[in-house]
Amino acid sequence: MDAAEIHRRLRDKLGNSVLPEIKENEWPVIGVLPAAIAESCRLLRDDPETAFDCLSNLTAVDRKTDDLIDVYYHLYSYGHRHKVNLKVSCPRLDPALPTVSTIWPIGDWLEREAFDLMGVNFIGHGDLRRLLMPEDWVGHPLRKDFVEPEEYHGISTRRESLLKL
Amino acid sequence: MVYAALFYLIAGLTVGCALGVALSRNVVYSAFALMGTLLGTAGMYAFLAADFLAVVQILVYVGGILVLTLFAIMLTHQIADVEVSNRSVGRLPAMLIVGVVGVGMFTAMFRAPWKMVEPGEPLPTTYGIGESFLGPYLLPFELASIVLLTALVGAIVLSRKEIRD
Amino acid sequence: MGYFQNIKDTITTIFEGMAITASHFVRKPYTVQYPDRIDIRIQDTLPFRYRGLLDVDLEICTGCLACERACPIDCIVIDADKNKKTKEMVLKRFDIDLAKCMYCGLCSEPCPTGSIHHTPEFEGADYSLESLVRRYVKAPIPAYKPIKGPETDPEVAPILSRGLKYLDEFATPGDSK
Amino acid sequence: MSLINTLPETVVTSKVDDVLNWTRKSSVWYMLFGLACCAIEMMQTGGPRSDLDRFGAVPRATPRVSDLIIVSGTLTLKMALRTKLLYEQMPDPKYAISMGSCANCGGLFQLAYSVCDGVDKVIPVDVYVPGCPPRPEALTEGLLKLQDKIQQERWLVRAPESAAV
Amino acid sequence: MSTTSIEIGLERETPAGLETEEMTLNMGPQHPSTHGVLRFVVKADGEIMRRAIPDIGYLHRSIEKISEKVGYHGFMPYTDRVDYVSAMQCNQGWAIACESLAGIEVPRRGEYCRVIACEFGRIASHLISVGATAMDIGAFTPFTHALREREKINDILEELCGARLTFNYMRIGGCAWDIPPGFIKRATAFLDAFEPLIDEYNELISFNKIYTERMGNVAPVSAELAIAWNLVGPNLRGSGVKYDVRKDEPYSVYPEFDFDVPVGEGKMGEVGDCWDRYMVRMDEMKESCKILRQALGGLPEGPVVAKVARTFKPPVGEAYVRVEGSRGDMGWFVVSDGTAFPVRTHIRTGSYSAMAIVEVLSQGLMIADLIAVIASLDIVAPEVDR
Amino acid sequence: MLDIGLHHFLTVSVLVFIAGLFTVLTRRNAIGVLMGVELILNSANINYIAFSRFGGSGYDGQIFTIFAIMLAAAEAAIGLAIVLGIYRKFETIDVEATDTLRG
Amino acid sequence: MRKFADSLLNGGIFDGMPIELGYVLVVAFFAFVLLNFIMLVAGVTSWLERRVWGRIQSRIGPNRVGPQGTIQWLADGLKNIMKEDIIPEEADAPLFKIAPYLAMMGFFATFAVIPFGDGLVVADLDVGLLYITAVTALVVVGVLMAGWASNNKWALLGGIRSAAQIISYEIPAGLGVITVVLFTGSLSMQSIIRAQGWEPWNWFMFDNPFLFVAFFLFFVSALAEGNRTPFDLPEAESELVAGAFTEYSGLRNLLFFLVEWGNLYVIGALCATMFLGGWQIPPVTENPFLLGLLQFITFFAKSYFIVFVAMWIRGTLPRVRVDQLMTLCWKYLTPIAFVNLLGAMIWFIVFPHGFLPMRIAMVLIGGGIFLYFLSRVMFHLRRAKPEMHLSPLA
Amino acid sequence: MNFDLANVLVFLLLGAITAGLMLGLGYLLRPDNPERRKLTTYECGEPPSGSAWINFNIRFYLIALIFVIFDVEVAFVYPVATAFRQFVLDGNGLVAFLELFVFITILFVGLIYVWVKRDLEWLKKVGEPG
């Protein structure tokens, strides 16, 4: 099934929560409003015509200039061998999205990672803890405005360059 | 002389460790002290020219029963933690009882007119024991297997039942 | 029956495995007895493009700073001034931090003369970190000025040809069509 | 009481010292402690081609029996604390080799927010091996350098005044 | 010491009676079998695990963030460190991602060089994987034999790109070094010697009864479970799903080669058990050899790298490409805003999902099985943590 | 004194017996009690053998001891199984707590 | 031994001393020699294992310390003496300290009855074989103690595993031993050897099919009791870090290592005694000294052959899992051993004086298996076409 | 025979003395530098969570239980095996065989019992007791 068809189906079901244009790409991008993302994911997975049984990737992107955080969901269907990329934009100050970890189990870790590094809140995710950084870490390091702390448990994070005479 | 010295050494080990079992507050220590007594007893057997028994003593008591006891202790950590604060019999009354019994036994021991024969040159015993098993002691020998079988089945059923309900 | 099949499988597969390991008793060990019991130095067996410790041939460095700029992690520091009078570049400082370098080769790729290059040398262990910083310029020296045509200076020519040979190792970009 | 660094320097004591140092350097057991890419090269160093075993250096699983920790790879802040603990759990005398740029000074990950720039910030390092990763022979050379260092040490003999700290 | 979140939830429940108390074991970060710095908090009941909770991040080196600082060309050496066991495919992933952003076409010889390098890298990586699996099961010898063969591959790759592990071989638009003279002969010679060794290796360990007993029927992953957890590559194929990015979403010049995609068949137990995953790798090495012979034989002439500006500025946009790495398909996601520095790079790797599934798989296994599971999933720490 | 005779062995046996008795009396801990019983059995065994050696009764004493050892093993197996059973039921190993069995 | 001691004492060196003290001195002297010998054996075994292992793995192994690395073990030992001795705070200090000595005592004790030659044995106990099985119990308790006292989970798990494993395999091992005892009627090591001859067909291994099976039963069980691969679970590096000895450092750890390497030799010695004819040599010389030396060498060579096989196995096989270990013991080895024992009894009743054709047939079968093995080795060599290197030293 | 037994004892004593000597030598030669963190329990670089002295799995116990019984049995069979040879040579082999056969079979029944009752199985589902 090609992207346009998927897009049409989604729009049939969810109406204006799905943005009208799709960006043709290797992974065609379909924009979705934040509130509808979990719903559209569920539809895409459960519809036997689309049957997206795999969440291939989930990435959060900090668009500081636009004051947005984009979250990309790369979906893949092993049954039909087709793919689609859902894109959600949420405000940078308080990014919050419904979780997809109940739809694909791997979403659990992917969302935790996005939370850890980018500070995206996934509502309904039962166990939203840090994944990669230590629990006592401050800040979300992949944000553009993240500043590295001076020291961590007594270990300074700076190093004088040996090349400075 | 050396013979006597060795005897006292082993007797000391036996009795000392027995006291250790009696007096130690920690069950694990008691168990390890018990090992000393068992080894010492094996030594006593050796002195009494019962070489086969000495070895069986180590094999069954140390290798089997003691290990089983240790397993039981290690299985249940609270056993080692149980504070023996209010004993079934206090230490002092126990001392008394033990003292009386001990005095009685010693008296009996030294008073009794033991009919003694001069012990012969120590000889290997294994063969003789085997012969007795196949000869005069055949019935107990076969019974032993039944006892063991019963013990095995009984113990297994007991532990299994207790675990499974 | 599974029971006896298991026994048979165990015996035969172990037998086979033992035969393989036994055959190793007569195979030659693969060990190269670095450092002393070898015929040729390891360094000499490495390919020319091996990316070992960095080295700079100051004789042919033009002071163009291409390498400094290309290094993603700034472990090269070069001070090159233009001498006002002679209009010559003078290298005052050429330091490489070998402790930090990641041996990626990105610096030697843009070098016009192959002055900065990786050598097959790899022995650099030391007791202190400072000694891993290589300071090539001891006293300010004039930079090399490329001339048209083949190099004539007999002292520089072999070095330059080595450098150019090193550059040749890199693939030449061509159009895909 | 121990005799370490208490004896006066004489021909005999220094000879004994030499022998003791020789045994220590001939049997450097290193801890299996792979951190990142360099760990692969460390494995190769113990592998057939380089075979550190030739020099009596074998990998050990626990810090308790190791003499040497080869910090091979990127030390993240999260790991740095653990590394410190592991190093501290090693019995004296102990040594550390820092293998690769990351362990030396952070290397290419000085740009990173989560990396401890250099293992010498948490534990004292005896030998630095440059490379990214150092090839097995380079690590072997580092080990030989360490052996030289061990051979120079004073064990029983009192350290010369100037060197005393 | 900083606590990870796991400790917080780990208050020991007081046991009742002989109920075996749950023993909380830390396996890792320094543990001989975790291959680098992985950590599992094992909740065991004697020898049997209730759960093994993976705890990651001990090798989180912020590679994704660094890409925003060093630019497209400068990031290439960093991709080597994403999966240091088989760095070539990471190189390729990044190169293809950038090329697809900017629409660059790679010369055919360049593609062939890439394939050759990648397949050698795949063999080297699988060697480490199967060797380490055998080592974790207790057989040290196969591991050293694998290391020995890997050394030979390292020599070959060293000849090609001057490094043994962190190759930095590819560039956006092609490769940095052309194939050196005499390389093809030596590479073919290696393949000739190597292929019988695979059989020897199989006889030495793969079919050993103890080994098959240890690996067979342990932690089988059904195809549905594997897909739902996004297992990829050999792990997915071990579960019987015939999917290989090289075949099903072809990139580079892979369609020109003839090779099979081995899948797990449940020969030693259920489909998708540890042995299947292990065996898929064994078979894949043979397939790689096949590809290599074809690529080495049919190497076209021409340049190996296209002309690409030194300051590479792709147009605005995003690209998500997948390449078949040694640990399954690697997703490279790049967002460009038209400057010389990417806005965001995200690398989705095979080990990441493999690590996530351990908690599910480990339930009810024995501690010794956990090791088999980790090893057969072929988890490499930096791939998880990046 | 230097000539080791029957009385020496009997003395050791009595001392071990006393220690065993003391253990049995003072321990509330069931496993401890079992250990005391082992001690007592051992002291009896020493007696058996001492008498068989000094009383000239051939192998009888030794064979008795073997059976005693066998019974000790059986006793330990069953006894420990019971102890563990009790322990599980009552979450304790106090002997007196088993009184609840009656109630 | 007694004869020897008597002859020494009659030589008049110890005149004027109580005779018992004289004996003690003689025994102590021999014990001292034997102790050093044990350490040497343990050390050399460890070196040899590393070399054999190295060769199997296409490596070399230790070859720098001393000529060909032969004194590597000495360096290891001395170094370990110089290591700090850590007793973890959480551990139970007294037990933690005693445990290694207990294990070592248990292991030392076995050496007392190993017959290195006709008269070369410290104590030819009449219950020799049973004695060896019994003192292993000390090792069990030592390891269990070590595991428990460390208060470390890996150690505890390793200790319990180890204890469970050693005791379980005592059953098949014991049944294997009993099969031999049936044919000799004695438990004494010397009389078992004397019941065999120097010719292979007079070895118990080739006496009849049941003893042949018993040999493998015993060998496998002994490997398991010695915690050797493929049964090295207690110290399975990839699972339990270092098993019961995880917390031990320096000297105490060394003692455990000593036990491990020494035990390997004991396994070899036992197999050699019971199945391979022990020190039996053809009657070549009358000279008692030379005879003793030859017997010693024969015995040593036979036991080291078994040791070598154990190393070779270690270089080949993976490790079994703990449940498989128990399955193997209780469901395979023990029942087979039972049946085998009954079979052996019947055989003995049928042929109370042995059956020569069977012996020769067994030797031929053994040779046949060996030849087939060689052909497989050749096959693998031909397939891999490696560089050959026949010298054992590289 | 006593001579041999005494030998063993002397041998053991000497073993203990040697170990003591080694310890003494070590005492002289080794550094002693206990720091608090050095003495912490090793658990793969993490601070250990909880003591190791906890209730352990019962399966090990069952194994030991079965072992004890069979151990005693083996101890019984040893002397009989030594006597067996003489019986056979005396022509009473069949009697001895039958007697031993009965003994062994009865215990073999025990083994079969535990086997059938799955007490030798280890891999049981979590939660399933035993």
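Should a chain be cited, it is by its letter among A, B, C, D, E, F, G and H, assigned in written order, with residues numbered from 1 in that chain.
Note that contacts are C-beta pairs under 8 Å (C-beta built on N, C-alpha and C of every residue); 3 or more make two chains touch, one makes a residue touch a chain.
Keep in mind it's a predicted model, so treat the numbers as computed, not measured.
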Shared interface partners, meaning chains that touch subunit C and subunit D: A, E, G
Fewest hops from subunit F to subunit H - one hop per pair of touching chains: 1
Most distant chain from subunit F, judged by the mean position of its C-alpha atoms: C
Distance from the mean Cα position of subunit E to that of subunit C, given in whole angstrom: 27
Chain centre separation in whole Å, for subunit G relative to subunit D (CA means): 36
Centre distance in Å when subunit C and subunit F are each reduced to the mean of their C-alpha atoms: 77
Centroid spacing, where centroids are CA-atom means, of subunit E and subunit H in whole angstrom: 44
Residue numbers of subunit G (touch at least two other chains): 23-24, 54, 56-60, 82-86, 125-126, 130, 148, 153-154, 156, 160-161, 163-164, 167, 170, 185-187, 237, 241, 246-247, 250, 315-317, 322-323, 380, 384
Subunit A, residues touching no fewer than two other chains: 132-134, 141, 153, 162
Per-residue multi-chain contacts in subunit H, two or more chains: 1, 5-6, 29-33, 38, 40, 42-48, 51-58, 60-61, 64-69, 71-72, 75-76, 78, 81-84, 86, 104, 114, 122-123
Contacting residues of subunit A [partner subunit D, same complex]: 132-134, 141, 146, 148, 152-153, 155-159, 162
Subunit E residues touching subunit D - in the complex, by the definition given at the top: 1-2, 29-30, 32, 35-37, 57-63, 65-66, 69-70, 77-78, 80-81, 84-85, 128, 144-145, 147-148, 150-151, 154, 164-166, 381-382
Touching residues on subunit B, where the partner in the complex is subunit H: 2-3, 6, 10, 43, 46-47, 49, 51-52, 54, 56, 59-60, 63-65, 67-68, 71-72, 74-78, 80, 122-124, 126-127, 129-131, 133-134, 138, 141-142, 144-146, 148-149, 151-153, 155-156, 159-160, 163-164
Sites on subunit D touched by subunit H in the complex: 1-4, 20, 62-64, 82-83, 85-86, 88-93, 156
Subunit G residues within the subunit C interface of the complex: 54-60, 312-313, 315-317, 332, 373, 376-381, 384, 386-390, 392, 394
